[in-house]
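First chain A sits with chain B, and in the next complex the same chain sits with chain C.
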Partner chain A sequence: MTTLDSSLVSALRTSGVQLTIGPFLVHVRSSLPGVRNYLDRFYGEFPVRDARDGHFSVSVVPGRGLRRWIRPQAISLINGARPFYPLPGNLAGPLFEWALNWAIGRVAHRWVVVHAAVVERGGRAMIFPAEPGAGKSTLSAALTYSGWRFLSDEFAMLDPATGLVWPMPRPISLKDGAIEIIRARHPDVIYGPEGTNVDDERFVHAKPPVSSITRVHEAAVPAWIVTPRYRAGAPTSIVPVARAHALVQLAGQSFNYNYLGVTGYETLVRAIEHAQCFTLEYSDLDDVIARLTEMTDA
Partner chain B sequence: MIWTKYPDGDDWVVYNPASGDVHLLTAAARRLWELIAAGASSFDTLAMTLAGDLDRPVDEELTRATRDALASMDRVGLIRPTSR
Partner chain C sequence: MTLDYALLVRVLRDPAQLAGLWPVDVSGLIDAASETRLLGWLVHELDARGLPVDAPEWLSDRIGSARATSRECERALRWETDRISRALGATGVQWMLLKGAAYVAAGLPPGRGRRVADIDVLVPLGDLPAAERALNEHGWRPGALDPYDDRYYRDWMHELPPMMHEARRSIVDLHHAILPRTSRLHPPTTRIVERAVSVNGVKIPCASHLVLHAAAHLFHDGEVSGAIRDVVDIDGLLRAFGGNAGFWTDFVGEARALDLQRPAYYAVRYARRLLDTPVPASVDRELRAWAPPAAVAKTMDALVTRALVGPTRTSGAKTAALALYVRAHWLRMPTLMLARHLTHQMFRRDAST
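Right after this comes the complex of A and B.
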């Protein structure tokens, strides 16, 4: 079953459905049409079935009382907890995405999870660890829609057992000026509606190519660790960085390496060991795509 | 402590399992930590040994660098002073 047929729509509203997103089984429950439409638009290629359990349980429910009718709200429940304030009802679909981010960042301790975008060429992954706002989603979107495989714009999931990075090809979150830039370059991509998040940033979700989604079980070898920074008008600059410095940067962006103790640290050490490490400053997407492609072909 | 050094540079990364923190250290700071772990406890001994390793005199610059490195390691919990 790959789409929400009428019986699954009914289950989504009541007992919930189980969505398989890469290695995760996500139990989703919501009566809000915004969530159903969001899942149809962005998760149509992911397996979904009628089941009441999963690694994470994410419910997006309507506000109570008057908030059902006046300025309606959406409330997220993650494994029974309520980590976010209620949001406007029109953000119900994106709220599911943010709730899932929250769950993965705090609960997925089978992997070392790093705040990073990840793309791949020829089986080798390029990891972009960076703070929010550095331009990693924009860069990963531009590379993805230019033929690279998309693994994630939010999490590099490093497997301590193999050292490989696992895909999580969920919708790409574009913000503010990146929305118009990527839309203009790739008008045929499926986009969600534009909204404003709690940080007062405009956002749009963009669907990764089906070719990336269908390869959700193909892990990749970390080959490049590139710390990106978008700076308006800056020429493309790719500067090698000593691995020790890249390791500290990677650890600084990891949600849980210290939760996993020595295993977590050694997983990061291993990821860096055979990778080439750089800092990247960019503004011209055509130029940076050409430079990174040339680098990976070398 | 778990120490990591890659062949493309002189700096070290140390992971402190007690705190869960990761720190970047120079080769000289790492040497000071080794000396302390081996039992050296006086500032003069540390500075003189480091100067010998680097084949340079114990001058003002080396004294200051030694003091700064020790203070940094103390601040992040990699060493503990035995007396002030």
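Right after this comes the complex of A and C.
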């Protein structure tokens, strides 16, 4: 794992540095050690250079006045806007992640962005569009650490020009019970510190395999659209659904297809056109991994 | 990074400067324009001029996103206007659109790519219950407010608490006047309703009233970003209407009729000062009679200049911005109420951090 060299560390504190995360250039600036440690831990393989521009500019700054010392705070500025309330200082690293999510969901209109996890096998992508809490991060983590390529646990970025889905292999955000499940199965993975987010959920970030990170520029063909739902004790059930159903699901989970007008709609149609579409209910990870792997081998 | 409003105002004055900006400055301009809700204007200017050929990919992505955003904002606003039309059309209520929604409906320059947070609708006071009921029946629900806020609206304001659509989450502010009940000025709603004009199937205020409403709003929300946008609106409207026969005479007459002489004076003064808005010399002389006492005029000039065109990050600019914020509330409320309100807001801000 590489770490920021000393000149970049000082740039991070002052004018900021520029990270290349897939198709995005992200200017990040922070004097907080939490952010530096977070970048070291999770973004060591991403190109970083001394520059102060890019798609998004994220600053994570300490609270002012007494707040520097008493119950310290972290405040995020994203392209000059301040969309979040200040958070406790120990969340400075994850705050960078959430700020970036906010920016991608809001102003990355070169792509049709869908709230979904994405993994890949044999060049073909499986997209899990779902609301928060459906278990898409857990599912994508389990598949990833079992040999699938990880593209994202948050965004399916569909390229209107090619119809392909772009990788965004940033840290996987595990919540509540999923933390212990994934930790127990994969103790060797690099994890961030556990914290509590604004929705009062416990969370831990997990680092995707380096093999997924280094393939950040390899887009994949959408081949399966699977709407997942975790239900305690449920047997694995994979039920084919009409493409129209998957289209509605993708549209419902899209942040911006309406922003792209007809192109946005056509991009979603293109994603389902040659894909097999299913709903998935599961609770047993080993079983669901085996079933999905078998399905993709067929 | 802090928003660079000074750069924004420089480019607003002289859009040709866009050609000479570095990518990082254009990027900063997108940020500032987005915050001031002037993204539609910026996209229009960028598209009219063509991108510099050597624009890096990240910048063309940013501009593309800005273009998509402003198109979608305008489309969504047109759709909401259509839905409001359907809700209120059958009631017999005399309703009209105000501000952003009116500019978009009429295809006026300040409506380009307009992002509107709240759609402002004006009805005569007597029609308020019927209009509220009709909007409610079509899915707009009154927000869940704490008792302080609800009372603030119902007792003191010129509008009902914002109503949000249960499915689409669009917000309608239903007004019965263009200024708060507690304001020192009381432009009569009846005159605005009587002189309303029809455009594309909806009613909006007449040209003079559109400008006067923007003028009445100038510096009223107390935010610097809002003030810049208000001045841009006033400039855009005056440039659009200024050449029409009889506009200026009508404007001066209506400023009197609505009792908005002082806001009219400020609007024209700062539109000219910031954006060189063309105003006939005779009108300028007439409006000067509505200037505040010399000492007040001087203070306002200094505050506005420092807050809007000075370097944004200086403490002078921040003090000026704060002074404008307090002044905005001074205009809206009697002194004692103001003290109470600011204290309440101060504790609330503190509690939320």
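Heads up, the rule we're going with is that the second predicted complex is superposed on the first by the 295 of 298 C-alpha atoms of A that agree within 3 Å, B and C clash if a C-alpha of one lies under 4 Å from a C-alpha of the other, contacts with A are read in each partner's own complex, and residues count from 1 in each chain.
Just so it is clear, a residue touches a chain if its C-beta (ideal position, glycine included) is under 8 Å from a C-beta of that chain, and two chains touch if they have at least 3 such contacts.
If you're wondering where the values come from, they're calculated on a predicted model, not measured in any experiment.
Q: So, on chain A, is it clash or fit between chain B and chain C?
A: Once chain A is superposed (C-alpha atoms), there is room for both chain B and chain C without a clash.
Q: Figure out whether A:55 sits in contact with chain B (first) or chain C (second), or with both, or with neither.
A: Once the two structures are laid over each other on A, A:55 reaches chain C alone.
Q: Which partner chains sit in contact with A:261 here, chain B, chain C, both or neither? Use first/second/both/neither.
A: The answer is both, since A:261 touches chain B and chain C.
Q: Based on the superposed arrangement, let me know which partner A:81 touches: chain B (first), chain C (second), both, or neither?
A: Only chain C is touched by A:81; chain B is not.
Q: Which partner does A:273 contact after superposing on A: first (chain B), second (chain C), both, neither?
A: A:273 sits against chain B, while chain C stays out of touch.
Q: Going by the contact rule stated at the top, is it chain B or chain C that touches a larger number of residues on chain A?
A: If we count touched residues of chain A for both partners, the winner is C.
Q: Thinking of the overlay built on chain A, is A:285 touched by chain B (first), by chain C (second), by both, or by neither?
A: The answer is neither, since A:285 touches no partner chain.
Q: In the overlay, answer first, second, both or neither for which of chain B and chain C A:110 touches.
A: In the superposition, A:110 touches chain C alone.
Q: Once you lay one complex on the other using chain A, what is the shortest C-alpha distance from chain B to chain C, in Å?
A: Result, nearest C-alpha distance in the overlay: 6 Å.
Q: Residues on chain A in contact with chain B in one complex and with chain C in the other?
A: Touching chain B and chain C on chain A: residues 258-259, 261.
Q: Contact residues on chain B for chain A in the complex?
A: For chain B paired with chain A, touching residues are 2, 4-6, 8-9, 11-13, 15, 17, 20-24.
Q: Mind listing the chain C positions that touch chain A in their complex?
A: 1-3, 23-24, 27-28, 30-32, 34-35, 56, 58-59, 61-62, 64-66, 68-69, 71-72, 75-76, 352-353
Q: Per the contact definition, I'd like the list of chain A residues that touch chain B in the complex.
A: Residue list for chain A touching chain B: 242-245, 247-248, 251-252, 258-259, 261-262, 265-266, 269, 272-273.
Q: What residues of chain A sit close enough to touch chain C in their complex?
A: Its residues touching chain C are 24-25, 29, 52-55, 57, 59, 63, 67, 73, 77, 79-81, 85-86, 107-110, 256, 258-261.
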